[in-house]
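Some structures are shown below for you to check.
Shared between the two complexes below is chain A, which pairs with chain B and chain C, respectively.
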Partner chain A sequence: MADPTEITTRGAWGPGFWAKFVATGLLLAVVVPVLNLGISPNSFAAVPDYIVPLLGKYVCYAILALSLDLIWGYAGILSLGQGAFFALGGYCMGMYLMRQIGTRGVYQNPILPDFMVFLQYKELPWFWYGFDHFTWTLLMIVLVPGALAFIFGWLAFRSRVSGVYLSIITQAMTYALLLAFFRNDMGFGGNNGLTDYKDILGWDVHSPATRLGLYVASVLGLGAAYLICRYVTRSKLGRVLLALRDAESRVRFLGYSVTNAKLLVFTLSAVLAGIAGALYVPQVGIINPSEFSPGNSIEVAIWVSVGGRGTLVGAAIGAVLVNLGKTWLTGAFPESWLFVLGALFVVTTLIFPRGVVGLVHQLRWLRPRGESAPTPVEDKPIAAEEQA
Partner chain B sequence: MAARLLRQALVSLAALVLLLAVVVPARADDFANLVTSLASDTFAEKEQAIVALGNFGDARAVTILLALSDDRLRTGPNNEVLIVGSDDPSKLTDAVTGAPVKGIAPDSLTRVIVNNRLRGRIEAALGGLTLFSPDRNTRFAAARDALKHPSSEGTARLQKALAAEIDPEVRGAMQTSLLAAQLMSGTKDEQLAAIKGLSGVTDPQIKNLLDEFRAKPDLDPEVKMAADAAAASIDQRLRLVGIVANLFQGLSLGSVLLLAAIGLAITFGVMGVINMAHGEMIMVGAYVAYVVQEFFRAFLPPGWIDAYLVVAVPVAFLFAGLLGVILERTLIRFLYGRPLETLLATWGVSLIMQQAVRSVFGSPNKEVSNPSWMTGGFDPIGGFTVTWNRLYIIFFCFAVLGVLALILNRTSFGLHMRAVTQNRPMAAAMGIRAARIDALTFGLGSGIAGMAGVALSQIGNVSPNLGQIYIVDSFLVVVFGGVGNLLGTLVGALSLGVVNKLLEPVAGAILGKIVVLVVIILFIQRRPRGLFALRGRTAET
Partner chain C sequence: MTETADARPARDVLLYFNGVTVSFDGFKALNDLSLVVEDGELRTIIGPNGAGKTTMMDVVTGKTRPDTGQVYFRGSEDLTKLDEAAIANLGIGRKFQRPTVFENLTVFDNLDLALAGSRSTWRTLFARSDAARREKIDMTLSRIGLLAQSGSLAGALSHGQKQWLEIGMLLIHDRQLLLLDEPVAGLTDRETEETAALILDLARDRTIVVVEHDMAFVRSLGARVTVLHEGSVLAEGSIDYVQNHPRVIEVYLGR
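Right after this comes the complex of A and B.
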């Protein structure tokens, strides 16, 4: 069981942490751009242009994984609809990018995106208003996933839907959104989604410089998301979350509002996922309903598992590792990817429930003095034992 | 489409007609004269000839009229009418006798010219002619087709055809078409009689025809009133049929959901194991049906093929059940009490199974055909067809549910199973081998999923993604109905199916489904334990 001393706030914000945090940040946000732009493309260490958006994609996935680890690792809420919040954030950004195309579309309509002209829309649907302004878009990227999570979470946590039931209804939620966004008359481009972007804030989305900029923005986003998650989990709220993960009824009897704590962290997590989606879309150049598919959301859970649940760092590492493997395998042995992914699900849950980070920490000599250990996660709550 | 089919039927009929032509030379002179006048100089004369040929009732005219409409009719040097072969333009046959003609230079032939008005006449005449075809299906199609262009000539032809017809179904169609023709072009009395006759029919086509008729100006008020009443009564019946059809489709969808969910009700409902690979067990069952079918095709006499389904059901049960036992022994038993991890691990298993099936069988859909006793359907009240495969699946699903209820409540295995799931240490203390019961229970749930797969192979595509289609739905059914409760699963599945299909005409297929999903999500908030929540001590575990 979780030893409370392991998550003591002492040392959480000490110089040791900041040194590592800044070093990782510099490596990702400065060294990569320098290797991309600063040295000859033929050099051994050079990062070619096509790698940059790929790295940017991984960083976005890392933010998404962080957002899931925050609720799953610390509050025991396994959301199988995390991809839905990611996709909603992505759609908000996609709508902004569509409005930026202007008359450069195939039909050259100054207001309507191509697919609307094609589907014979006469005017812009009301929910597209404002998406030509970047600030409005930023606001929506936060508000839309946040509001959905707030309403959904309020309904669910208030009536104490938890555990597997919550997982199943979050899955049903993303499935319903998948079906909805596939419809042409929803006004989001149906099956094809939103694509053919031209520029963002006046910069060409296809130019290597913009892509590098987006990559750096994603890294900064990851850093901010990590700090937020770390702050939340090391705060008093974080300890309440851990407690309710392990014994929900006991926390409730002690007078804490379980509903409010869960709701707060669930909404925060959805906002982070939305931001990840918004950073993701300009780098991959398309958003379509398949991002809502239940399979995608479950995959996020495996990133977190592989990296190590309840460790934050592990979630980010897991997202990058699994996706590196995916990129390599789907290219080299396309047939084998699903076997590997399936095996990852089985092996990590069965043999390495603490993931990569847990494995590293088990090798004692690598563990620095004073740094907090990953919180061991057991699915079996005390509450269940009490009730039995 | 229908016109094309009719046309194909006509062409094949033409060959038969050529034979008949030799055997039945009766009134050959009249016929020959009419054929010759097809090649007249004016369109008016041609038109007369076409109508006359149509009413003549000689099936030989089919070939000639088809050739005329296809621009393949020629006149030779001696004014004889010739047909140019459709695939070989150099082959000529005499239109009247059907005998091959040789030795005529191509440049001595004159085309018989047709215009669109004539083509319309030809089509109507052909429709009438095929009423006399020796082939029952062609006659039936022609009788249905006559409904589309009711006319006074049609009346005469239909009366003539009706007099000779013996097949009751064809007679029915002919009578309906005859009434329609009388309605559109008959006297007042005929019209009234026709309206009376038509008001008992349930056919959207008749309804359209009546509407068209009612929209005519200067109708006799009495006739109009009768027509209005008839239209109203047809409307009402159509609405009723629509509801019945929706209910049946809903029941059918519900039974499919139920089949997919019964196995889950065992593994998730009774054992509490979240098996995300459940859908893949269904998929495996469907592939078993495919393999058994191919085995029958390859190794057994062709007459036995209809039995493949009967063999496939137990084979699928055993195969999927065995897979389930293996899965439980090698993976799931290590994860009891950790539902979220079970969910992830079994999701991994489902990915592996999908890819394995894809590697063995390939991604394209496999064709599993209905045995002959499951093809087609019947029309109980007119206007919609109950297909046999869906009806059998409804029966099958209730049979499975019934047998399962018996196993759970009446056998010692069922008793042990309930004991283990309710209180494992106590059951073990009483001498029940809990681990063995776990494996068998999981195998039972998986085996039922396999049988569901065989059933689903009869109404849908068999592809590696088959299981994914049902997994979200079947979990919702189990949760909605109340976990650990077969009755709840039954009510949950059927009500979801029926509600879904009743919403479809109002909201559209996809929107209807979204509405149902949202309603279930909201429902689970209200009653987290489902429709039929277990009460008491068992509910707490």
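Right after this comes the complex of A and C.
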């Protein structure tokens, strides 16, 4: 159950909130670049170049986690297919990046990406048209995941599929997409996916400056996603969602359309996940069907529950903490990672049902202090640099 | 129609069940039920377990679709063709058997969601609260005696307070027809008395249908009583009339 004090707090847009929000934003979007560019690389506080895309990756995961918390924490929709929307956004960006390669590919075909030449495509499939334009790509990043979520959600919510059944069909959806994208004749590079990118908007994707730019863009994306989620969850619609999470039929008898409310928030969540995926792909340099694997989507639910479901801030923190742990453990003890992940899920569910944020709230409670408004503590990526 | 004990001046019909049948796996919860509720009436519905009382409310509110028959509201609107939200927006409100309030919202927010206003998903996304709404909510809060609890979570209320909050949620929406499913189940004697007074107060300017087991409570409402049995109307009339009806006695005591 989500912490009521946080959810029902009104006047959530006071100066206190903005101060914390701007401070966190500056820390992430200004301090990190300064520590990367502005000081000597030998200084102990310096952020080395290779850390920047790693931080950027964590920030994208944080956006993905926010998108799940919006529907799971506030509307009780546990989507275990959130990774599918992330991957679709990623594929849109990947298609743009492939079209930017042009004649610099191995086969030097000005139109067709390498894998198409290799698979003996005669011409560009129709759905690749337009992806040489960045604005078209941006449009598709929003529309493709949004449209899939809208159609899927409309079918599911209209027939009142909810709870564990909805979770299972979202898993089936992402698994079906995984199988489809594995096929070479789908036109998305099959097993290998899309990779070997050269540049984005004319900047070399491998240069440290571009990577820093992508990192800052991701931080701005996280900030915007957080504000949107905060707005929605604190609006009257947010209260309708919370009400339907607890007593769905009662909301219907009050005259609200449960289907429309769920559909709106589910589609919004998919769009946010797609944007996260689009920011992610140029920073990791590849998108392939494994991003659709059901396990990925389940992991997102673990991030959210570790951080604290129904808190937004917690989701972002959880994504960063769990992925820090993953980066470290898969390096140090590769075979233990999955056990740790499973144990983490069990422990947080049983012992800390409110996650890290809930724990912080409890600790604060012990100390004599007046107001305990939740802080947007997305400053955790900084911890990444200390660890690394 | 079943025989009736008293002759009253005819009023407009608000709710009309026309031969409604609902079956679950062959069991007929409602069996060709025909029933008329007049505008402005306070009606109590009693009957043994399984008589179809709750199913009848489910049909009115759109939760259950009947196999055959129609339910007309205000003469023209066939409720069996509409969904829950549309029916609610026609002005039909329902209180459930178990009090269902939104436990994770404050008492104030519970009433705010119930207060008339646009139900459109887009509008709720950009809705603003205003002084007129707050005033109306506060008025309702004092009417149901929960003004002091305005800011606390509904989940923290006592059982009786939740019942009142739920009635308050129906009240604030200015419903034309209220369906109350066992409003005094699990209440203390004092709370039962207060609830009866509240219902009589509400009944002055709306139509109310009450389903109840508690005969003392039904008597205290002093309203026309319909007895359901095996999905259709067994008897209808004043409380004294139905309590002395031989078939009613047989059904209630005979098994």
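Basically, the second predicted complex is superposed on the first by the 354 of 388 C-alpha atoms of A that agree within 3 Å, B and C clash if a C-alpha of one lies under 4 Å from a C-alpha of the other, contacts with A are read in each partner's own complex, and residues count from 1 in each chain.
In the analysis below, a residue touches a chain if its C-beta (ideal position, glycine included) is under 8 Å from a C-beta of that chain, and two chains touch if they have at least 3 such contacts.
Predicted model, so just to flag it, every value in this text is computed and none were measured.
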| Can A:Leu179 be said to touch chain B (first), chain C (second), both, or neither? | first
| Partner chain in contact with A:Lys326 - chain B first, chain C second, else both or neither | neither
| Which partner, chain B or chain C, touches more chain A residues | B
| field | Touched partner set for A:Lys198, first chain B, second chain C, both or neither | value | neither
| message | Once chain A of both complexes is superposed, is A:Asn260 in touch with chain B (first), chain C (second), both, or neither? | response | second
| request: Please work out whether A:Leu237 is in contact with chain B alone, chain C alone, both, or neither, and reply first, second, both or neither. | output: second
| task | Report for A:Phe339: first if it touches chain B alone, second if chain C alone, otherwise both or neither. | result | first
| query | Between chain B (first) and chain C (second), which does A:Ser249 come into contact with in this model arrangement: first, second, both, or neither? | reply | second
| Can you pull the chain A residues that chain B and chain C both touch? | none
| said: Going by the contact rule set out above, which residues of chain A touch chain C in the complex? | reply: 1-2, 4, 7-8, 232, 235-237, 239-240, 242-243, 245-247, 249-258, 260-261, 263-264
| Residues of chain B that touch chain A when the two form their complex | 274, 276, 331, 334-335, 337-345, 347-352, 354-356, 359, 468, 472, 475-476, 479, 510-511, 513-514, 517-518, 520-522, 524-526, 528, 540-541
| query | In the complex formed with chain B, which residues of chain A make contact? | reply | 72, 78, 152, 155-156, 158-161, 163-165, 167-169, 171-173, 175-176, 179-180, 182-183, 294-295, 298, 301-302, 305, 335, 338-339, 341-346, 348-350, 353, 378-380, 384, 387-388
| field | Residue ranges of chain C touching chain A (in the complex, touch as defined) | value | 61, 63, 83-85, 88-89, 93-94, 96, 100-106, 109, 112-114, 119-122, 124-127, 129, 153, 155, 169, 173
